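Next, two complexes with chain A in common: one pairs it with chain B, the other with chain C.
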Partner chain A sequence: MQLEKSLPSTRHSPPPGAAMPAGIRRRLAIWPARLLVLAISLFTVVPLAVVMTSSLSPDPAIWQHLLEFALPELLRNTLLMLLGVTAGVLLIGVSLAWLVAVYQFPGRRFFSWALMLPLAMPAYVLAFAQVGIFEFTGPIQTLLRPHFDNMRWFPEIRSTTGLLLVMSLAFYPYVYLLARNAFATMGRRALEVGQSLGLSPRQGFWRIALPMARPWIMGGVLLVVMESLADFGTVAVFNYDTFTTAIYKAWFALFSLDTAKQLASLLVVMVFVLLLLEQYSRGRRAYSQAGRTAPAPRLPLTGWRGWAASGIASLVLLLAFVLPLLQLGYWASRDFANQFSADFIVYAWRSVLLSLLAAVLVTLIALVLAYLVRRDGGAIVRLAARVATIGYAIPGTVLAVGVFVPVAWLDNQLIALLGLGGEVTAVFKGTLLAMLLAFMARFLAVGHSAVDAAMNRITRSHDEAARNLGVSGWALLYRVYLPLLSGGLFTAMLMVFVDVMKEMPITLMTRPFGWDTLSVRVYNMTSEGMWDQAALPAIAIVLVGLLPTILLSRQRDVA
Partner chain B sequence: MSKKLVMMAVLAAMSSAALAEEITVYTARAEQLIKPILGVFEQETGIKVNVVSGGEGPLMERLKAEGSNSPADIFMTVDAGNLWQANNLGLFQPVKSAALAANVPAHLRDPGNNWFGLSVRARTIFYNKQTVKPEQLSSYEDLASPKWKGKLCLRTAKKVYNQSLVGTMIGNYGVEKTERIVKGWVDNLAAPVFPDDTKMLEAIGAGQCDVGIANTYYFGRLLKKEPNLPVGLFWANQKLDGVHVNVSGAGVTKHAKNAKGAVKLLEWLSAEKAQKLFADIDMEFPANPKVAPNPVVASWGKPKQDLINVSEAGSKQAQAVMLMDRVGYK
Partner chain C sequence: MSLLELVSVSQCYGDKKIIDQLSLALEAGEIGCLLGSSGCGKTTVLRCIAGFEPLLDGEIRLDGRGIASAAANVPAHQREIGMVFQDYALFPHLSVVENVGFGLGGLSRSARARRVAAMLEVVGLAAYGKAYPHELSGGQQQRVALARALAPQPRLLLLDEPFSNLDVDLRERLSREVREILKSQGTTAILVTHDQHEAFAMADKVGVMAQGRLQQWASPYELYHEPQTRYVADFIGQGAFVPGRVTGPRCVALELGEYCSAVPRQFVVGDDVDVLLRPDDVVHDDGSEVKALVLGKVFRGSEFLYTLQLASGRSVLALVPSHHNHAIGEAIGIRLELEHLIAFRQQ
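Right, the complex of A and B next:
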């Protein structure tokens, strides 16, 4: 087992017989790649800079108010949310991934892909549906009420516990997907070695599988942490105040964009420190596959154990997907005739087009980034790659402004330069290109987490073998890495695809005139509390986002 | 394949330059509530109206960033607080129009004629018909009295409608008294505050609480869906300063490319036909006093309105938010 052993660094001594110039050439050849990484990170750095540039003098009245009446509670709330949701997604995501990857139990193949389904459910839609089901006016309490004197014993869904449950159910698929990927590519031999050394399956999980899956699981948890930090819609349903709530409050309610930006800067710094800590703690461990072997037979869970496994998987699927979908279906049915029109096909088509393009772009860039980081390994490149992924932790509306401002600035300069003022109002504004670049700034973290983790499974000996065969540079990426990374790339594309389907603030801010998508429809309806009307596009997001998911994942899931 | 798609889409997006007259509206009002009305305008005049919807905050930032190259001719949003803020940021230009002055009463528009209220919503008291008699109700202040302990439902303080209500209360009563009232509300809450008015009205109907405060059109829309909901409407503060009203409104943007068309559209929106549409589609009160509301809305009676200029809500908004923070109204 090579779990803890640190491996030699990327740089190779020149092959015997090569003269010095080759070494110099290689050193010089690093620079275009470094510049490429920096250029990619610029697409995130510029919006971040816009968000973080505020007047340096804080507004004392507002800050004093926030410090006294808001921030202590917000920070406590935010910390509690992050801890609770992390615990929740770890518990649900990792345990389900482990069950599905290693054991055989009734319905395993079905659950293997079905447990990904909640990914397509926007978190705040899930929140609204769950609250709709379990609150005082919901169907469950309404059914029970006539049979009890009072309903005070019934747990209040609009509570901290309710929020943590709903968020865990909404976000566990990130961890599940990545962890499943890790367990599936781990190679049986590691576990077999463990078994031969007398470890029980449970010990094998704690002492071999979990440490080896670490980059995947941590990648998933980081995504969840960032998404929770940036979330506004879900916490709003529960009226739970977090750091992001304060940013919006300063901006919209206190009309102090400067204070909002100062708060957002604090958020960025906190996330950056978090990312660095994670990277540091990962250290130089290696996580490569201990040999590619044919999959060992799954361990059968017989009797009640097998049914218990199915039961747990069913419960999660029921709460995170089936029940809320039924609730949405019920709402949609109340106004279906007025809502469904041929326009829906157009909205759906745009959503798919946009999500597909963004998924391809983001995954490609994430791949380039991960490859260059691996090849270079230098501190600057690592740092730049990390910064490029911070966009995921910025509240969506704030980042939307961050990406729009520089695009509008560029347009203004171009229009002035070309003397087009008065006739033309946009060059890049409102184009798909600008939109896609904005999505890249937002979702690079999502693509990066899956690709970067998968990169860990490639050993240095892969590199060496390829080099000895004369394959290097981009050809190495294309001919050796790509096939080895296909699982990670697929996961990355899937997650970005679904995330873009659900995205609202950036879509609203950067889309071409009148370019409604499914998520824009959901936004317009929910902003007026019209859930009967929002339900149909929300269901469409789930269905359209899922069909490809199911088809593709079933194809892949022969193992 | 994807390359080709991008090219096609980019070209399609770029080639939208048209020759006919166009007006571009940035709206924070939900698209589905405003598009049908703008559609009638398009049919009548042959002028094309582009609609860009989004949140009010982001749209204002968008206008700021675009500066003189903004395609927007009109910025439209709900709540006087938002309109006041847009004006504060210098996003509007003053409009001189006899038609608008005649159609929109003075307390429903900006004193400098930078924006105009186009529809009116009252924020008033609702009650459960089975547990409360209307005689027991009187004013917003009364809802702070201990007799409503554990019986009051409210929407979140994060919604601008509540911020405007409290803002105008500060304008009418001063900070100290308002703070006492809002504190009383918080003490009387029967359930955690609700994310929207509709949910809150449903909670009153189901008996989770007896009384609450909501905008009238949510009640109108809910009645369309559930005509038998045991919820009644009570006009607040009729013996005092009148019920709190707010507007949805619009103004011509500072850098409008088609300012003339924009004024024309605003005038059209304030005139009879559009006002009637506003009243029927959204169940709001027309801003134009010559137009009668929808029969359902009319059946609620004609309340005395608080005549404090609605822009007051904007100038007091930050103060109102801080006040609500202080008393723990979340």
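Right, the complex of A and C next:
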């Protein structure tokens, strides 16, 4: 923070304290800013380190138990889930993106943005709504039952297939969104290049468009894989054990924090292996988007082909968004008076308060981080910033464990130091502060990417022009950066707000005792199988979730 | 028989006519060029020939066989027409060798490798086969795009603003190189550009387009010296129109004196016409009776380009050897030295 003070405040006045050589003064002055960046990265590093060090000192008894009873099933389940969901989102996301980006068919403009709507619905909400729709007592089977002798032929929704379908429907928009943008900028051109080299449109898709869009598609798949690994609420609804539910059970059912730590460290290893694989697979190729020329016109799908395209898009939208929302609305309206109680208001208030606090805190830290990285630009600082934002890849259950352990340790130290003993067992443990720490580690990347994108639109010449006019240091931040960044800051706050609102495992595992929020309420009710009681809080979460989806569709619409 | 024939081709977007009854013919081995400002429809003509746009009316024939009309179209990928795209559209995920070999699916592995190597030799990039597009300079990428389009030996090559992404000096050098490569391969090609220097450097036949219409389809020399429409006269090269009156079957009286040669036949004595004077038609001559004021001057090394004001107040341009250095405001003697009379009836 001292850096700019050592520079002349205007071009013409002599620098204060000019006696010391400017080079040394500058090098010294850089360090406070660097230390601040390193300190920010600690919020992510400490929880991760806590979890990872546990794998350095494995407890043989715990491992014996894990290897024998838990791990084989957990690994098999996780692998099956990742493969199935990847296949599902590729099929749904890529085909819809290709249709919308390259062809013209009835309703294309509407579907182009509407197919992003499922982003607003957390997977765990979609999960219990779908189970409610398709289970034995649900409306579909009830409707069909009179026409058949028995319903044994009807597929069981609470199965692995059902889970994979629900997760694919919940997560396909990540792939759809990225693939659509990639295809929109180069899909039709790719077909033309192919045709000029003698390839039919079908060959053009497989040999050009798909390989060229691969990095975007893989980026979307990576997001989906991370979401699936981190998912807690959906697998809980389906009673499908993965690492996240195992960590939760180890801690809150078996009361073995050590087992939870060991499981968490395994999950982190999986995440990093996936990240490395993705990096490695890119190799030396560059995927900059070529093309300043106007995109080629869309290819019309006429007759039944056009209606088939509309039909496929409608079916996905219906299953992933419309039907579940209708089902939630039905449940909520059936005993609205009962559900819209004083308790509900309290849950909603806590959710809003928590999300708002987290949004402001994360955005502020993200702003400081982005500003310091830009001003310093050195390798250490950039590395620290990358580490600080890696938390988004770390599942919430892991961070909950990783934050709890050091906070508990700090509490014990404080209690011993202050000689509180006896009656006091916690200082920070189970407070909002501990929750916010975990949220910051998890969502700093969300805020940072929005702020950083806005920061990158401010050119070096803007900086230089301001300095040339005698504005520098923190004055530069609030006179030049803040006004130019306001859009990016708003986006960052909105994104974090909604993410915290939807967040389930961290809230569940680190909240003050009995401090239920909307998402915790959804978990409590769905874990009892009381779908209808979870409907109203779920609807509230979906409505808030619509905000960034609409924002996103307005920003990126390539119609 | 011409290799490529466009017969009265029309195309429109909605109500707007993009191409209006355009006809042209290109012989085998010739390089043609469509020249015009942006939005004149030249790129759409190229896309119609490639098969990316349907025709509203007319016909396109390749080697005497119809490939496109309002009724029937040969699909783009079956036309054997290559294209170099404006942004090159190289595949970023493929190396140079893989890019160039992309259209050679029908060949055996070894035949493909030989053909790719030969094409890279032709464009002078034999050493860059393993590189990826982003590792090359703009000019090198352009040559990869050319090699990729030429590799399958297309019957016709289309080039869409091929040099517009390059620096000016690189543009000039590459347009010469590309012409030599196309000529050495005996390729028939059409390019589209808004730059007349590029058109003149590359093409055997140039067509000037405006508002979807082909104004004239001729050699660069003819376009410059015998423009058939006022638009072409204005668009190609520099010059100024000066009014005159037809005084005889072969003569026109101008402010600068009477000029006689083969007068265009469509005029009759007494007609008022506008005569195009190119800068090299107006010669500095101290002995001349006709004087003009120097309004402005641009130094061009071996010569000055003077803007001169005639007694009537009209201005003309004159190219004068640069040792005749006159100050602005000075009156200098000039005379006409016309070889081709370019005149249009006054509107």
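In the analysis below, the second predicted complex is superposed on the first by the 285 of 559 C-alpha atoms of A that agree within 3 Å, B and C clash if a C-alpha of one lies under 4 Å from a C-alpha of the other, contacts with A are read in each partner's own complex, and residues count from 1 in each chain.
Everything below uses one rule, namely that contacts are C-beta pairs under 8 Å (C-beta built on N, C-alpha and C of every residue); 3 or more make two chains touch, one makes a residue touch a chain.
Keep in mind it's a predicted model, so treat the numbers as computed, not measured.
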{"item": "Partner chain in contact with A:Leu210 - chain B first, chain C second, else both or neither", "value": "neither"}
{"item": "Chain B versus chain C as contact partner of A:Ile30, first or second or both or neither", "value": "neither"}
{"item": "Which of chain B and chain C A:Ser527 touches, first, second, both or neither", "value": "first"}
{"item": "Partner chain(s) touched by A:Leu38 [first = chain B, second = chain C, both, neither]", "value": "neither"}
{"item": "Touching partner for A:Ser200 - first (chain B), second (chain C), both, neither", "value": "second"}
{"item": "Touched partner set for A:Glu192, first chain B, second chain C, both or neither", "value": "second"}
{"item": "Touched partner set for A:Leu326, first chain B, second chain C, both or neither", "value": "neither"}
{"item": "Partner chain in contact with A:Leu357 - chain B first, chain C second, else both or neither", "value": "first"}
{"item": "Touching residues on chain B, where the partner in the complex is chain A", "value": "2, 5-6, 9-10, 13-14, 16, 24, 30-33, 50-58, 61-62, 65-71, 85, 88, 156, 158, 160, 163, 191-193, 195-199, 202-203, 205-206, 208, 218, 221, 225, 257, 317-318, 321-322, 325-326, 330"}
{"item": "Residues of chain A defined as touching chain B within the complex", "value": "62, 65, 69-70, 128, 135-137, 142, 156, 158-159, 236-237, 239, 241, 245, 248-249, 251-257, 334, 353, 356-357, 360, 397, 400-401, 404-405, 408-409, 411-412, 415, 421-422, 424-426, 429-433, 436, 505, 508-509, 512-516, 520, 524-525, 527-530, 532-533"}
{"item": "Residues of chain C that touch chain A when the two form their complex", "value": "50-53, 75-78, 80-83, 85-94, 102-103, 105, 132-134, 148-149, 152, 158, 160, 165"}
{"item": "In the complex with chain C, residue positions of chain A that touch it", "value": "186, 189-190, 192-201, 203-204, 207-208, 211-212, 214, 284-288, 290-293, 296-297"}
